[in-house]
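Following are the structures in question.
Look at the two complexes coming up: chain A is in both, with chain B in one and chain C in the other.
For the complex of A and B:
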């Protein structure tokens, strides 16, 4: 009887554990499904909200017309799209080489003490709210560009311009790319570096030909994350970019980016259905571009991994 | 310079410490040129540390202190102001696990050659092919020279690493338990290659298997907790060890 009871208890306990396991498994599944549905939901909301403008204007007009005049019902996104591309592109062109070099320095050249101090410092920097970067840029970079940098090139500028916005974004992107790259560089086995050094390669040759290659997928991911931050950045850009939806005529001319435009114009335009819909279309473009870039990045990543079987 | 002198390593009062922890204590040895020298001893006794001091690879860690002298062909390689790449070029390294560079098979071997010589692609191709042949891997990979090296089996990778090491025409081959990660057949291939290569290079082999040392070594150094207990020609050390600790190790009492 006792033995029977004992075995019964054990069986019941087993069942309890199994049920717990089942519940947790299902719970995680449901949560994951909800999160994925959110993605499609956002896409659908953007699509349905922009259907009004898509019904009355052609996509090519919206994307390629330079006529931005909401009060007359003209929503040409071309200047803003160009502005976004240039601001983001320029910021990445500045940020990528600088970030890679400083990441290499931190991971490979810096003494261990300095590395220990620098790494948490960078992580904090990566988490600083963007409005802080925007404020600093507004207070220091804008006057600097207005009074010194732009006049140096013989151009008159308010300081609120493409150049200032790009620099601000680059500074915001540094810590992300650096932090991720340092992590990637430090995860390389010591023996791989030794293999290169032992045939008489210098440290720089090893970095250039072995470390960069071995970490290519991680570098690509880091740059993609940096791109995401720069491309979608709203408030810091909004504070320094000038806010004029025009294709910039020079580095020091004001322009506008998509996220900044949406943020600054939404309050003003939400009461008119067509204008609101036009802004929603802008958001949809933003969403799709980020999606495309991430997919491209994934393909790039897979190719890099496949190429060297990393 | 007489031919005999090429690839001779001598240490004088060599001490190596990581922080306050000393791994190598007052080591004085002479490694004969163009022979296979085995460094044996229990694990953790500093065999690898000693080996990697010979091509100054230890210095990439920043807490290492080295004192004493390491003479390669009579020149102290620890002297400051020397070009470390040149020293390392002289001392090929074969590590415990093969680490092919993230490149094709061909590029792995060409890598070192390109760094030191500017030769045209035809000559480079010849040099690479020769090295691959010398490392006994040519027949297996001749059709897929431009595939990623990481696709090879471990044994093949290790032979590729050997080809990469000899591509820069070193004088010495430093081998750090090069067969410990390999299957018996691949291990045997590496051993055979080392026996063949000792005619052209000084081979220093760190090994923790006594049997391997007995099979291949001409000269033996027995290291025990950072100190050299006994060193000499292989048959003397193996058949007639003088020190009781060497005896104990030979009989498997300490490992």
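For the complex of A and C:
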């Protein structure tokens, strides 16, 4: 009887543990599924919200018309999209050489001790909030551009311009590109470098002809991911870009970027359904562009990692 | 021969220049914020809420933003921690087929890259659909979504490091998959998990774009989750937009407070990571 009782208890206990296991496992499965289709959900919501404007105006009009005048119901995104591409492109042109050379220095040239000191500094730079970046750019870069750089080229500028925004963005993407590149550079097999050095190549020749070639996919993916980050950066750009939706006439002219436009106009336009829908269309464009760049970058990165069997 | 050595030297100098540019920009940021913030920082600023004419240069402080930031970031990080732990455990080989988990990791990485303003717009759309406007709750949800991919991916990395032998021992003693994951693997990976959580907290507390519309803006300390609230990043943004120099000066003080909080979180997280790698069984 007692033994029977005991075995009954044990069986019941076993069942309780199994039930808990089952419940928790299923719960984790559900959460995982929800989060992994979250990006699809975001896409659907943005699409349904922008369906109003897509129904009344053609998509080519929205993307390629330069008439931005919300009070008259004209939503031409062309100047803003061009502004975003120029600001992001210029920031990457500034950031890529500096980041690559820094990454090479950290991965190949710097002594162990200095490397150990440098890493935390990069982490700190990566962790600085974007609003602080914007504030510092406003304090430091805006007067610099207004009083020195723009007059040097003979152009009048308020300092709130494309050039300032690009430099700010470049500093913001430094840590992303550098850390991804350092990881790539230090993951390639030592034999490759040794083979090159042993046939008499200088260190820089090894870097140029062996390391850069071996890690080319990783470098490109780092650039693509940096592009995605720069393209979507909102607050810091908003503070220094000038906020005028026009195709910029010079390097020192104010312009506007897509995320910055959403941030500054959403509060004022959200009460009118059509304007809100137009801004949602802007968010959809931003989402799709960033998604494509990130996806390309991530897939390249994965293939590169498989190549050197990480 | 000379040309090759010259090239080597030129590029070495260029490398020094670029690393100096990177470190110099960090140095400029920190020194600007400290120099400008310290002059206008006062006890009053962190112990009082704004009075009526605060944005016109009258007295008051930004206590509402500091409290608001904590009310937003701490619950969001807590929620994201619970959700992320579930996902990170589920991503392991014991639960999921590697080919499926690699797809889930890809989608998490994609989520990581989505601009925070998209999360803000997305959450506000959902909130409007539910009939709620800008509120503390909406801000918390936006930050939670923003933090989930960050926390999950770093938890995933540290949980992956747990040696298989440890799991096999637990299994051989008859524990279920969940018990092994929760009681053995989680405990072993705890310092790394906490470092991931702090990384998410640092990102959440500093992010402005996602809470710009979702959390709204007010001078009061929120009393319920349906109130709108101010936060440090949005407060900086508002103070900065003021045309009055004295008010703008306060934005630098707020930025100093924010920067100190973020730096502290980052230092603690680094310390935990170092500790975690020390005790990992190999």
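Structural remarks
Rule of thumb we're sticking to: the second predicted complex is superposed on the first by the 264 of 310 C-alpha atoms of A that agree within 3 Å, B and C clash if a C-alpha of one lies under 4 Å from a C-alpha of the other, contacts with A are read in each partner's own complex, and residues count from 1 in each chain.
Just so it is clear, a residue touches a chain if its C-beta (ideal position, glycine included) is under 8 Å from a C-beta of that chain, and two chains touch if they have at least 3 such contacts.
Owing to the predicted nature of the structure, the values given are computational and were not obtained by experimental measurement.
In the superposed model, A:210 makes contact with chain B only, not with chain C.
In the superposition on chain A, contact is made by A:28 with chain C only, not with chain B. Judged by the number of chain A residues each one touches, C leads among chain B and chain C.
By the touch criterion stated above, A:111 is placed in contact with chain B alone, chain C being left untouched.
Touch criterion met: A:121 reaches chain C, while chain B stays clear of it. In the superposition on chain A, A:202 contacts both chain B and chain C. Comparing which residues of chain A touch chain B with which touch chain C, the overlap comprises 202, 205.
By the touch criterion stated above, chain C contacts chain A in their complex at residues 4-5, 7-8, 11-12, 14-19, 21-23, 25-26, 28-29, 32-33, 36, 83, 86-87, 89-91, 95-96, 103-104, 106-111, 113-119, 121-122, 125-126, 145, 148, 152, 176-179, 182, 202-203, 205-209, 212-213, 233, 236-237, 240, 251-252, 255, 258-259, 262-263, 265-266, 270.
Contact residues of chain A toward chain C in the complex are 17-18, 20-21, 24-25, 27-29, 31-32, 35-39, 42, 45-46, 49, 97-99, 101-102, 104-106, 109, 118, 120-125, 127-136, 138-140, 171, 174, 178, 202-205, 207, 225, 228-229, 231-235, 239, 259, 262-263, 266-267, 270, 280, 283, 286-287, 290-291, 294-295, 298, 302.
Contact residues of chain A toward chain B in the complex are 111-112, 189-202, 205, 209-210, 213-214, 307-310.
If you check the complex, the residues on chain B that touch chain A are 52, 55, 57, 60, 62-63, 85-86, 88-89, 91-93, 95-97, 99-103, 111-112, 115-116, 148, 150-151, 161, 164-165, 167-168, 174.
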